[in-house]
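Same chain, two partners: chain A is paired with chain B first, then with chain C.
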Partner chain A sequence: MRFWIFLLVALALGAGVFFGARYLHNDYLFFAGYVVLEYLVLATAWNILGGYCGYVNFGTAAFFALGAYTSVAIHKFSPMPIPVLILLGGIVSGIVGLGMGYLTLRLRGAFFSIATLALAVVVQTLITNWDYVGGSRGAYVVRPATVPLVGSYIQYLFLVMLVLAILAVFAARMIERSWLGYGFASIRDDELAAEASGVPTLRLKLMATTLSGAFMGMAGAPLPYYVGYLDPASGFNLAYAVNSIAMPLVGGTTTWIGPVIGALLLGTVQQVATVTISSAVNLLIVGVVLVGFVMIAPNGIIGLIEARLRARSDR
Partner chain B sequence: MSGSSITVSGIHAAYGAVRALEDVSLEVKSGETVALLGTNGNGKSTLMKCIMGIVRPSAGSIFAEIDGRRHDLVGRSTEAIVDLGIALVPEGRRLFPKLTVEENLLLGAFRRIARAQIANNRAFCFEAFPQLAERRRQLAGSLSGGEQQMLALGRALMLAPRILLIDEPSVGLAPILVRRTIDKIQQLKEQYRLTVLMAEQNFTQAIRIADRGYVIVHGRIAFEGRSTEELNNNDLIRKFYLGL
Partner chain C sequence: MDFPVELLANAIVAGLLLGGFYAAVTAGISIAFGILDIVNIAHPAFIILGSYIAYIVNANFGIDPILVSLIMLPAFYVLGGAVYQVYYASFERRGQEALRGLAFFFGLLFITEVGLVLVFGVDYRYVEAIYIGPTLRFSFIDLPLRMLIPCLVSLLMMLCLQLYLTRTFIGRAIMAVSQDQLALRLMAADPVRIKRIAFGISIATAAIAGAFLIVIQPVEPSVGREYIGRVFAICVLGGMGSLPGTVLAAILLGIVESITATFYGPSWAPAVSFGFLLLTLAFRPAGILGR
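Moving on to the complex of A and B:
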């Protein structure tokens, strides 16, 4: 019951954002907002594996780009509506996530992270050498100028990403408060103890890598239509991996709201910096913010708030 | 409803090239408390892990009888063994330090079979360990050593197990807390009619509640004491443990 209330509130909030932005008659808001929402999905997806289970994934860009390139491949074959592409991109990246889980299930800690980094390199090499989707030249995707009902295409993309973001956050919140979430938390805290208590750690880890990968792929699926031209260098951009780790860390990794706060905060700052200074400064911002948080609030904003509340209740 | 027992026969286990267990046979009969005695590095924990399916023995067999039904444990997943009603209190307690006391208990009942009984079992746990009820919202990592051991026991009881394996309950506890923990184990055993296999270094404490025991040295059963007197009077034990 409370899940549905949450979903309704989130949808109402989303509708407010969308119509509010429309009211301002500025398409740039949609361009910038799309990127922030895309990061919101990525951060939430990363957090399912990295935050809930404690497995740090450096390969976000691989899953994200796989979603995007699935769309490119399908577009070349026969164009399809974006929601369908999102579904297909999610399936492809989810399968790759499952495969990664199987291959790396014996690895823990830094070793797992290094393996995910390797995965990103492998996938990028494959895509760069796959001529059908443009190879290293990149691929042009011509998008229609308008969409029925919504109007301008960027508003449509924004709306699609908004819905996806709400779905991702909803899913993350549901996982967190279910037996699945408890199982994930037990893996994060002490995997051996979890196993001894009868938590099927292997199966849960595979579910986490699959879900996390699938949402990353979904976030990437509309990308070719957003940029119009996609090449491996932009699809596998370092920023995706860095941001999707930094955002949950800044917000707080143990709850669904952490990545949301982190993505909205960092994502917005980056978009503002892009227009006021330069997009080159974005990674620098992430670096500085991350160093600051590690020193002042290692458990993120949520951790800081929780510590405050606990200190107050103890007094 | 007949008994629950464990029969280990002739198992060998190794970590890579390092042999941990060699031809170990042991039996825990229904309703018994059996002590597995031995100092560090002799294979006590490995034996526990073999029974739980965490470490796979290279040879030998492990059977468990649960309420009169016989099950082969070798090759079964840990989850499946837990489902049978065998619970392990791991060495060093291994709680989930950043989760609350209550969440730790819930995780003890992760298996679907245990979830059905969760309210009852939690009530039993809080009855057996009133300190845990007071601290239910506290993080497990912030509990004292004695409380953590109680929580580890409570977490295992959330499964409503028939057989309880306890690996070194005395580790890192002050002498008075060791005494209390051992007493508690005895009390729980009687209350829930458990069959208990307890690995322990603290000979004098373990022997207080054990019906009989095995001494394990360098991965082999060096001595089987059919009663506490036999253990008390054994030369090996006098030499290794008591320094006589």
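Moving on to the complex of A and C:
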């Protein structure tokens, strides 16, 4: 029951954001907001595997780009509405996530991380050599100027991403508070002990990679329509991987709210820095914030707040 | 169509030379990851840093890039020691190296790369030296000097490292640190100090590998990324921390990559090493010369 209350509150909040932005009559808000929401989905997706299970995935860009390229491939075949593309992109990336899990999850933590990095390059090489989706030249996607009911196309994309973000956060919260979340936490804390007490660790980890990969693919599916042009270098940009790791770590990895805080904070800062300083500097900011936070505040902003509250109640 | 024997022979020789260079690139990872268990994914970034230092000195003073890297060895050693100290104080001592240590090195990789982009831009940089250009020819086999010299110097470096690790007290202590820290303490060696020395050496090899890299090909800040998969593939394939295994695996990978590039086109070459890595991790995690 409380889940549905949460969903209703989140939807109301989303509607408020959407109509608030519309009221301001500034299309740039939608362009910038789309990117922040995209990162919100990526960070939440990464956190399902990285935060809940403790497996660091460096291959975010691969899953994200797979979703985007699924859209390109289908668009070349016959154009379809974006929600369908999101679903298909999610399915493709989810399947790849499952496959990657089978191949690598019997490995110790660090090996898994390196394998995901390797996966990103293998997938990028395959896409670069696949002429149907444009190869290394990239592919153009012509999008309609307006959409019925919503109006301008960017507002429509923003709305789609907003709904996706709400769904992703809702799913993450549901996972966290179900038997699945407790299973994930037991893997994170001590995999051997979990295995010994009868937790089906391999099956749980496979579910985590699949879910995490699927959401990353969903976040990527509308990308070709957002940028209008997609090439491997932009789809597989390392910035996606860095951001999706930095945001949960900055916010706090053990709860659903951590990635949300991290994504809203870092995403907004980056958008502002891109406009006011330069796009290279905004990447530097992410790197420095990531290193700073893991060194000084290992449990992120949530950890800092919890420590403050605990200190107050002790007094 | 008859089989192009000459092409194949040349591809294999080129692969051998490339493999020698890969050994130098991987040496640091074999020490840091194979022996010390520190997942330094930022190693390629340090290599690119070495390339850029070789480039700056070479462009301004005309000194040979490999000589520059030898002069830079102490500086990189100190840098490595400092990085390890930070890593130890922030993560290893608290037992948090798994998730946050990885993120730390990932952040370092990113900062180095973006920092180089901000300072030098994304243009390709190259160096000048007398051995860049000429090629030795034995009947139909080509030996380009700009591949041969790095390969030979690299093998020499691997030999020195292997002798150091097996014949000196500190070297043996480095080999022992991952196995039994308590026994090491009983031998009157401080594990943290030994690890700091080892990590310093690991980063010092990046200076040399960086000079090789910029001799072999023009360098821009994001080139290092391609090497992340390669170095870990070689390290794992070579059996985690065994230097002879590293050389063997590096040459194997070099040959396979070179043959792929010759017969299927260079755009497929990166996938080879990563494919190798995925398969090794999935089927033989202990590597060829596993302990």
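Keep this in mind: the second predicted complex is superposed on the first by the 314 of 315 C-alpha atoms of A that agree within 3 Å, B and C clash if a C-alpha of one lies under 4 Å from a C-alpha of the other, contacts with A are read in each partner's own complex, and residues count from 1 in each chain.
Note that in this section a residue touches a chain if its C-beta (ideal position, glycine included) is under 8 Å from a C-beta of that chain, and two chains touch if they have at least 3 such contacts.
For clarity, every value in this text was computed on a predicted model and none was experimentally measured.
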*For A:Gly183, is the partner it touches chain B (first), chain C (second), both, or none of the two (neither)?*
first
*Quick one: classify A:Glu195 as touching chain B (first), chain C (second), both or neither.*
first
*Which touches a greater number of chain A residues, chain B or chain C?*
C
*Once the structures are superposed on A, label A:Leu238 by its partner contacts, choosing first (chain B), second (chain C), both or neither.*
second
*First (chain B), second (chain C), both or neither: which does A:Val288 touch?*
second
_Residues of chain A at both interfaces, chain B in one complex, chain C in the other_ = none
_Per the contact definition, I'd like the list of chain A residues that touch chain B in the complex._
179, 182-183, 185-186, 188-190, 192-200, 254
*State the interface residues of chain A toward chain C in the complex, per the touch definition above.*
50, 54, 56, 58, 103-104, 107, 109-111, 113-115, 117-119, 121-122, 124-126, 128-129, 136, 238, 241-242, 245-246, 249, 253, 280-281, 283-284, 286-288, 290-291, 294-295, 298
*State the interface residues of chain C toward chain A in the complex, per the touch definition above.*
33, 39, 41, 86, 90-91, 94, 96, 98-100, 102-104, 106-108, 110-111, 113-115, 117-118, 222, 225-226, 228-229, 232-233, 236, 267-268, 270-271, 274-275, 277-278, 281-282, 285
_Contacting residues of chain B [partner chain A, same complex]_ = 52, 54, 77-79, 82-83, 88, 90, 94-99, 103, 106-108, 110-111, 114-115, 155-156, 159
